[in-house]
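I've put the structures underneath this note.
Shared chain: chain A. Partners: chain B in the first complex, chain C in the second.
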Partner chain A sequence: MTKRTTIAMLAVVAAGVGLVGGAVSAQDLRVALAAEPTSMDPHYQNLTINNSMATQVYDALVLQDVNQNLIPGLAESWQPVDGTTWEFKLRSGVTFHNGAAFTAEDVVATMQRAANVPNSPSSFATFIKGKTFEIVDDLTLRVSTENPNPFTPNDMSRVAIIDSAFVDATTEDFNTGQAAFGTGPFTLTKWLPGDVIELKRNDGYWGAAVDWDNVTIRPIGDGTTRAAALIAGDVDFIERVGPADLPNLESRDGLSVFKSVSNRLLYMTLHLADDRMRPYVTDNDGNLIASPFQDIRVRQAVSVAINRQAIADRVMDGLSAPSGQFSPEGYIGYSANLKPDAYDPDRAKELLAEAGFSDGFKLTIHGPAGRYSNDTRILEAIAQMLSRIGIDTSVETMPASVFFKRFARGGPDDTPEFTVAMSGYANGSGEPSHPLRIFIHTRGNGYGPGNRNGYSNAEVDKLIEDGRASMDIAMGEKAFIQATETAMQEYALVPIHHEIATWAARDGVAYEHGALDSTFIHNIRSK
Partner chain B sequence: MLAFILRRIMQSVVVLFVMSLIVFSMINLVGDPVDMLVNPESLPEEIDRVRRDFGLDQPAYVQYWKFLTGALSGDLGNSFIFGRPALALMAERFPATLELATTALVIAVTVGLPLGVYAGLRPNGWGARIIMGGSVLGISVPTFWLGLMMIIVFSVILGWLPVSGRGETAVFFGIESSLFTVDGLKHIILPATNLALFKIAMVIRLTRAGTEEVMAQDYIKFARAKGLSSKRIVRAHLLPNILIPIITVLGIEFGTLIAFATVTESIFAWPGLGKLVIDAIVNLDRPIVVAYLLFVVALFLVLNLVVDIIYAVLDPRVRLQGEEG
Partner chain C sequence: MSNPKAMSALRPGNERISKTLQALMSKPTTLISGLLLLSIVVSAIFAPLIAPTNPYDLATVSILDGRLAPGDEMFDGTIAWLGTDGAGRDVLSAIIYGLRTSLIVAISSALIALTVGLAVGLTAAFYGGRIDAFLMRIVDIQLSFPAILVALVLLALLGKGVDKVIIALAIVQWALYARTVRAAAMVERRKEYFEAVTCLELSNARIIWKHLLPNSVSSLIVLATLQTAHSISIEATLSFLGVGVPITEPSLGSLISNGFDYVLSGAYWITFFPGIMLLATVAAINIFGDQLRAIINPRISK
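After this line comes the complex of A and B, so read on.
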């Protein structure tokens, strides 16, 4: 497909849809989002905004509700049939937007394509690799793995199912709409990159019908402009209301604001491996020293020195919830035993003294600028709080593109560079072992790619591995919660807060929200 | 004239080559695009795969050679993020930016020129003082602040104009533009005016200076002595003479309107080149950034050439280098 035909196609679509665009009936919805997908190919890039847009046009075998609990999708049910195999019973009578009937063959074709999209910047192969797909009959599918995998249904919830006719379709075919036929609640009618996405209700949808006939989605990157567009009545619904605009929108007649604690966590990682010297940490005379954070008391001192409530009130304008673990309350993997550390600077000073640092030390902490809500200001606040207990702290922030490289491998031999850094994490997978596998487990053999501070506890590793090797999901969850509790009590990392996600709409429009900060159009309701 | 144009084209090729080298090496010093593409928590194998797929595992000089050979055949590489040719992406966004820049230029001239002439004819009157004071404001107030204020006043409070976006487009004489629909015109007024304000102020100042200078000339005095009306003097004797320097400056300014409309495009969510390039810079989409910068360089080279030629045509006293006797 050449660029010329792309533009011509879009022009034809634009001309056709333009007639509809003029009249706005009660059942048309106009939405402004902060970003737009990089592609309409649901298998091109595993990126939050792409995935949430894909769920509007496509379904996966298993769907996730607003809190990422698994619910039936194109599979009505699933269960393990032996130690390494899951059986999915597929929904009958489902058709794609182009009229083709949905069968097990489409699933196999989808998996073949999704694992092999050329030049994918972040591939879906992660969810597909190592799985064998076997068609039992048209509506029964078996998925087996070499070792027991209790999370096969979670993995299947991440891959949008396409019609097998498009197994060889290119990403461009999806972008132009030629191949963009799913089974989802909406059909894609138009995409002008940077400008507009238009969706139309799929009247033949197998699930609960959506409330809108037509939806127009515009990307408006600037938060103030987005809020202004809502106030001016240009759009009916916006996501990510900036803290500065929030009081205005909340007090205005005719508008309502929706908030929920999201699963996006901001945390600090403190280098604790047994190194000789660490950069960015010195004694008070400026001589390099080994990481003081090898001592759990120093890590604890840092945690209790952080006034999380003050950060929530004054830096975040109320848009954060202090946290002591990966998951917010009510979300998978949450432990009721883990509370955010209470602010106690005196206790922090005692702990430092017990660890032999009664005079403190000097420290530089690092973080990205502009990646997370108020990231630089949070770091500055933390630096002041640490300085108050005697750790003379300075802050260095940098653009995300520079930060993540140095964070991951800026040190000698591609080791993580920073001694103390702040970053963010949101569990996209909907399974409770994900943060443990990524951040807590000892690094190596596919484990611990986000474990940058060298935390290692054999007991915790075993809990994680055993939980992931058992098809008994309830047992596994217990193991994961136990591993989480141990790791958090040892300050494998220092949680700061979960961000509070915001949406706003004109009266008559409501949003069903949960722990995900991305926006799902089908959850926008007409009241 | 021909020799002049040929020499300039040859110089331009050298400039483009040097720029590509500078841009390419500078951008290779910043961060690692892989970290912006894959989730930072991905396994090392996935990171390695992406690095291989995008050729980032190769040494910089190999990457540059690939880029250069591609560029010579018109291929500036594929966007890391969109997976599509950088030139195609830019071509898609270019019409939106072009119509915004053109509208802004038209506004700048139609507003700035009469005001400038008026201020130049009566330099000590109250009207001139207000106009010149306003032009100082236009030059000094930041574009983004003014843009937000315009949104608040004209969209939120008065509700006259839409806040953002490009609006409907229509095809006319084979050109697709939002200028051909009422909805599209409504959408373009605010961003184009926002973009034009700085240029209006500049046109006013240029025109006033030119007017004052020309009005003191002997031929104007002679025209007055002949008893010509002041309308006729302005139209026949003043305007043609002050237009030459204004056209020269506007030619280059048109380039800056196209190349640096980034702030306005971001505030008004205008789907043009500026938004594409800002996102590319944030996400380290190197092929787009390189292609865009080279496009800007080429744009200015062409505009400079065109302005020089027009200048020579308008002003018979000017002879271009390389054009003998």
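After this line comes the complex of A and C, so read on.
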């Protein structure tokens, strides 16, 4: 069947549904998501889809807006009272869905439960361990740490608060709904795994009211099926529109598409240390050479040889934004001074010649297949672009599970394996020092677990450490931006682009989007 | 049976070859498939001379030429008669080069598998007994696994690369040759001339090499032809699944897979033309192989 006839048929179906379905209340919303949570227990697994679903039913002390800026939640305000302690003033008059009043007691009970959920695949303990919770009065809570921790409010934004009556409830109790009472904008009415999640408006919500009386959420894994469901009128809203379906949905009357530059960055690491690795970089005769990327001019040559706009236009179908740093514009840690390198192959050749590689060299670049949007095609495009400036490049891709293992410790003595690799990063917690701590700081002492190419700059390290040790958040952020600027100017890694997240809805439904590519039901608005 | 006629069948002379050729040419289907096959092989061998561009040279391929429709002009002025793929390769050139990769893989793996299979099959048939039982059980085990599954596992272990695909396909196929040649050799062993040869106290090697091998090999010619077509399909499947050849040097299978994501958005040519070529190649080899069998095996031709 050709594409046109499919569209025509879908249009007929859609028209039919429109006629019959006219009576459906405007305040009911039907949503199709690409995946479903692994549990309705908000403390079971620290997983993006679980967390975004949990924010519908539960609140945390601190909430995050669509760009992961911290905003008041169950705590009205918070401030440091000394070098290691934060004081949270809790919101008064808030009740759980079961009618119980919210007090500091509930926060302590929540922390106790969330850090100790049995069989948790990825525990929330990481946000809770090392913190002491002290109840000052019903609506005042102090959280202290051994060392200064400016990110205690960030950590508190990750943990959904439950009623202290359910401190011993099992994950199963939450899945069946017996214990699923939060303070959030919706109440959970039904969850049939693999089939449907039903939410109902919480009329007593303390914050801005949501626009929907009832919400039905269905998981539809396949992108084309999701788009077809929207076209047919089976659902009102979908997430993750595939690039292939995008032109179709955009050109259709009665539907609108929402796009947003997400904080998911695609980047390359270039090996900077002096050790001879596996033969992924050789001279033109095939003899192993030390990594040419120790020379900043070669790293710069690679960066300016990449035509990021061409990748965005031709490979990503417009669904990427060329980037020169970890954060997209408007997101925490963004530096206005860092622009993506402009494409300039002649300059790249000059830089290579200046570094003594006028004849180029041979290189194999590695990356995952199927982990990021169009990953293998991007690698292929980069290989073309590097070959153009004289670096004879070949590409090796592998399944993501294999790639990440070798990327982290496939080399001798469990060292990272690849000379040049492409990977991705998204800041899940919204904590501004996270990418610097993981990728930029010199490896060791809990720092730099993702620093695989041996980048090390004492000045940058100091900025990161100082920023993390100061309770003055504004100063810390300044230090982080400065560290980011130095690291990016030295090509600690080579940013390529931020992926653009997509949603689509029928007319009358809008989405308030930001840098997060996950979907938050309370941000879906009726208009 | 042990008359001159049988002897002439042992050592196919020029006369027999020309007769076979004559028989092949007399049928239009055979003639067409033969000519198609010949042109495919010739264009694969002379790919660098025939193809308008070199799709494997990353320094000349550009994504700015990506997904041009058939007949569009590429950046450097070349007309892409069959369009370009997502990475900006001219599909026509990519088909010609891809065909080359596919044929190299299929023929090399068939030759390796044939050699190993012959050795195992003849040894089993000649010595019989425990050796035979042992070798044939290995063959049984090998044949009980689906070819594509074995190839997938092997490539997951070996990694990507043309050489690795050849090794994987040879391992997948040798057992079939071994089984076939053993059957043919068992028949020969029971013939009178073979008893006569055995009485001459010749060395085992000489008996196998000079007498058993030439008489058992004819059935393999047909099998090898059909298996070559089969190898091309398996290689295409493996590359389609992304475990075959490197993505920068696509074979027919990886070209088809390459374009698969674009089918819904209307860029049919990336998948369609390589698919047609794959179909034509496999069909031509199969038809040719069938006709060859009909001519070589008198029971079918009469």
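We take it that the second predicted complex is superposed on the first by the 499 of 527 C-alpha atoms of A that agree within 3 Å, B and C clash if a C-alpha of one lies under 4 Å from a C-alpha of the other, contacts with A are read in each partner's own complex, and residues count from 1 in each chain.
Keep this in mind: a residue touches a chain if its C-beta (ideal position, glycine included) is under 8 Å from a C-beta of that chain, and two chains touch if they have at least 3 such contacts.
Every value quoted in this text rests on a predicted model; they were computed, and no experiment measured them.
Looking at the shared chain after the overlay, A:39 reaches chain B, while chain C stays out of its contact range.
Judged by the touch definition given at the top, the superposed model places A:510 against neither chain B nor chain C.
When the shared chain is aligned, no partner comes close enough to touch A:353: not chain B, not chain C.
Applying the stated contact rule after C-alpha superposition, one finds that A:233 touches chain B and leaves chain C untouched.
After overlaying the two complexes on the shared chain, residue contacts for A:245 are found with chain C alone; chain B is out of touch.
Of the two partners chain B and chain C, it is B that touches the larger number of chain A residues. When the shared chain is aligned, no partner comes close enough to touch A:471: not chain B, not chain C. By the touch criterion stated above, A:369 is placed in contact with chain C alone, chain B being left untouched.
Once the two complexes are overlaid on the shared chain, A:224 sits against chain B and chain C alike. Of the two partner chains placed by the overlay, only chain C lies in contact with A:311; chain B stays clear of it. Put simply, chain A uses residues 3, 224 to touch chain B in one complex and chain C in the other. The touching residues of chain C, when paired with chain A in their complex, are 57-59, 61-64, 66-67, 86-88, 159-160, 242, 246-248, 261-262, 264-266. Contact residues of chain B toward chain A in the complex are 30-33, 35-44, 46, 49-50, 53-54, 78, 80-85, 88-89, 91-93, 96, 148, 151-152, 155-156, 159, 162-166, 168-171, 176, 183, 266-269, 271-272, 275-276, 282-284.
For chain A in complex with chain B, the residues that touch the partner chain are 3, 6-7, 11, 14-15, 18, 21-22, 38-39, 44-46, 118-123, 125-126, 171-172, 175, 192-196, 218-222, 224-225, 228-229, 231-234, 399-402, 404-405, 407-408, 423, 425, 428, 438-439, 446, 449-450.
Of all residues in chain A, those touching chain C in their complex are 3, 224, 243-245, 247, 307, 310-311, 314-315, 369, 376-377, 379-381, 383-384, 386-388, 393-397.
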